[in-house]
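Below, chain A partners chain B and then partners chain C, in two separate complexes.
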Partner chain A sequence: MAITHLSFYSAFTLSSLGLAFHRTHLVSALLCLESMMLSMYMALSIWPAENQAASSTLMPILMLTFSACEASTGLATLVASTRTHGSDHLHTLNMLQC
Partner chain B sequence: MTYFIIFLTSLFILGGLAVASNPSPYYGVVGLVVASIVGCGWLVSLGLSFLSLVLFMVYLGGMLVVFVYSVSLAADPYPEAWGDWGVVGYGVGFALVLTVGMLVGGVLGDWVWGVVTVDGGGVFSVRLDFSGVAMFYSWGVGMFLVGGWGLLLALFVVLELVRGLSRGAIRAV
Partner chain C sequence: METTLLLNTFTFLTLMIILTPTLLPLLSNKLQNSPTITTRAVKTAFLTSLVPMMLFAHSGTENITSYWEWKIITNFKIPFSFKIDQYSTMFLPIALFVTWSILQFATWYMASDPHITKFFSYLLMFLIAMLTLTIANNMFLLFIGWEGVGIMSFLLIGWWQGRAEANTAALQAVLYNRIGDIGLILSMAWLASTTNTWEIHQTSTTTQLPMLPLLGLILAATGKSAQFGLHPWLPAAMEGPTPVSALLHSSTMVVAGIFLLIRIHPMLTTNQTALNTCLCLGALSTLFAAICALTQNDIKKIIAFSTSSQLGLMMVTIGLNLPQLAFLHISTHAFFKAMLFLCSGSIIHNLNGEQDIRKMGGLQKTLPMTTTCLTIGNLALMGTPFLAGFYSKDIIIENLNTSYLNTWALLLTLLATSFTATYSLRMTILVQTNFPRTSVTPAVNENNPTITSPILRLALGSILAGMLITSYLLPTKTPPMTMPTLTKTAAITVTILGIILALELQNMTHTLTQPKPNTYLNFSSTLGYFNPLMHRLSSTGLLNHGQKIASHLVDLSWYKKMGPEGLAILQLMATKTSTTLHSGLIKAYLGSFALSALIILLST
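Up next is the complex of A and B:
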């Protein structure tokens, strides 16, 4: 595998592991999502440079647009849950507990 | 130049590890800022200067600034630090899972150490990324309008999510 491909592949895997094992705060899970978006942006930017395909360079810009929408929605959810529960700790989201 | 890019790629992986094993959201944001700065440097080293500037301004200057002041909303009065044993355990555990996964997947044996820059096909007067993103306004105008409409929609989604006090469904105050 090319060493540059291995880099954003590892960063994506580490961030998804961090998303799966987030511990106390909801905002650390959102930060791991942002890190996944960053590694995907790097992947989508480097691929047209390697294949010399100019028209594919608009794909990372488009991905960044939708990533901004998703980040704003996640932060709005964070603000709503913090105002309801007093903090963004994950043990306060326990309505599905039996 | 190739060794510099490989150094930047290893810093990118370390930034991802820092975000994943963060002791507190403050340090997670630091890891994310380091990863995005290193990513911008990596793109500039390949010659993709426009995409690097877009990442810098939109991602680092727009989205990460919003994340930083949202992290201050989730403040811990006494956060853990990098040296705490729980954090070190998580970091080592994530790195171990990644290494074992790469070993089992067979990608750890054969590494290709080459880097292709934007001048790989020859030097043009209009660079690869400038000419490509400019197609957003000509051939890709449909996706451009969809992206703009999605951003406008996200604005109203955020407005409805943070409504409170009997006018919304999520907030109780």
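Up next is the complex of A and C:
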């Protein structure tokens, strides 16, 4: 596997593991989510540069737009949870717990 | 002289005379039945049945008559055929004579009963069924008679139906008879499927028959004739009135099983295993009943066990391949056993319902006729030389001693013979001699001819019957003529030993020696522990087994555990392990998300 592929895959995987196994704060999950987005953006950007396929240079821009929306949603959730529970600790999101 | 025509006519006439008191009330409303009509009908039937007997004794006329055929299946014939041979012609007058005497006695015994006419019609229906059984040549007719006597026995034992013991005794009789009926139906089915006939004279072969039908017939005889294993109903049947005990459970019904074996004897002759079974079963029954009779205190129960013991002796005779001697013993036994029951009935009624022999005594002075006949009956039972019982019992024991057979059976039968003498003498001494031990002085009066003439008639029969029957009937097998002196006098020797034993026991009573409860006394007085063991163990075992199979196994186990509930339990196991994961927390969900992504990555 080429070095670029390895670095992007490992960055993405490490970020997703970081999303899954974060400990206390919701903001760390959001940060990992952002780093996933970052690695995907960089991969999508290098991809048409490598293949010289000009029509797929649009893709990272699209992804960026959607990632911005999603980041804002995440931040809104963070703010809402801080407003209601007083912190962004993850154990406060326990409405489903029996 | 047209002997067959006379034979047939008079037998038919006898049967019609017996049927008349039952049919007359159906014909017209004005003709009502009454005890005297029934008694007179049976007496007339007895007189007309003497003609076939004398014809047979004179010229040996035998006959098989088929009246009507029940055409239900094309290749299986069920004719209603009657066989008038040695056994039928001899049994008919004897049964009718005994029944006539018993009916005459019952007009006095049951005089205070409001349903006396129904009682007499029941006895008559029983007699019809018994005679059907006797002259049947067909297993089908025999089965009709067999079931008829079983039903009438049930109705008559439970005559005083307000008594709980009478109802349980009647139920016991029906259940034990039913177990025997299984054997009879088994044999009938085997005969129908293998030999394609139910006629008894068509079943005799020279080759050996397989054991299955013979065992079925032996089982039927065990049930009906109260051999060991199916015997408890006979002492319990003493709950019925004394005329019922005299007719059914001494002379006629209980010999039906032995009679069946006599009828099908050609089938048994070739199979030595079946004969040995009869021999050992009969020997065991006779000794067991004699042991139980030793410690009984109820006069009717002593006579009942004595009947059971004599039935065992008849079974032993069948096992010796001597049906004619068994029939001879049936005939002589009918006389003295019926007389013993009638005497006991007279004693019981005169003492105002007292049946315990420990509370009787000194009756020789107050009831001379009854007690004399009681003594005659007991002597005939013991086999006193030249009374009725001697002619049958002595020759049976001589044959037993000179045959090649099982020694154990021989020893048991000899022991039972001596015990017969013991308990008969004990009963005689306790009832008749010494001072009266009744609680209050009862008004004993036997001056009624309805009491004395039946008993006297039967006493005459007990004395003469043996001699008369053996003089006129030729034996079909040669009796043993030569034997050592000890063997010849074996029967009388063991009887005398039994008498000495009884006198010794009586000395114990005089010296007020208290009998200590020891093993043998317990065994004898609880009838060999058979009743509580079998009645409780077998029923609880069966019910337990049934519950285990039906309820536990099928219902609970297979329908519930293997079905829905088992499935639910399996699901519960899975859900319990996965509940910890379903905590409602985001962390867990994210962890499972990562895990599944990892698995997918690794697997592709």
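Worth pointing out:
Definition applied: the second predicted complex is superposed on the first by the 98 of 98 C-alpha atoms of A that agree within 3 Å, B and C clash if a C-alpha of one lies under 4 Å from a C-alpha of the other, contacts with A are read in each partner's own complex, and residues count from 1 in each chain.
Basically, a contact is a pair of C-beta atoms (placed from the backbone, for glycine too) under 8 Å apart; a residue touches a chain by one contact, two chains touch by 3 or more.
As the structure is a computational prediction, the values presented were derived from the model and not from experiment.
After superposition onto chain A, partners chain B and chain C are found to sit side by side with no clash. Between chain B and chain C, more residues of chain A are touched by B.
Within the superposed three-chain model, A:T73 lies in touch with chain B and out of touch with chain C [touch as defined at top]. Touch criterion met: A:R83 reaches chain B, while chain C stays clear of it.
When the two complexes are overlaid on their common chain A, residue A:S45 makes contact with chain B while staying clear of chain C.
Of the two partner chains placed around the shared chain by superposition, chain B and chain C are both touched by A:F21. Closest CA pair between chain B and chain C after superposition: 7 Å apart.
Residues 17, 19, 21 of chain A lie at the contact with chain B in one complex and at the contact with chain C in the other. Interface of chain B with chain A (complex): residues 5-6, 9-10, 12-13, 15-17, 19-22, 24-25, 28-29, 31-32, 35-36, 39, 42-43, 46-48, 51, 54-55, 58-59, 62-64, 66-67, 70-71, 73-74, 90, 94-95, 97-98, 101-102, 107, 110-118, 120-121, 128-129, 131-133, 135-136, 139-140, 143, 147, 150-151, 153-155, 157-158, 161-162, 164, 168, 170-173. Residues of chain A that touch chain B in their complex: 1-4, 6-8, 10-15, 17-19, 21, 23, 25-28, 30-32, 34-35, 38-39, 41-42, 45-46, 48-50, 52-58, 60-62, 64-69, 71-73, 75-84, 87-88. Those residues of chain C lying in contact with chain A across their complex are 582-587, 590-591, 593-594, 597. Those residues of chain A that touch chain C in the complex are listed here as 16-17, 19-22, 29, 90-91, 93-98.
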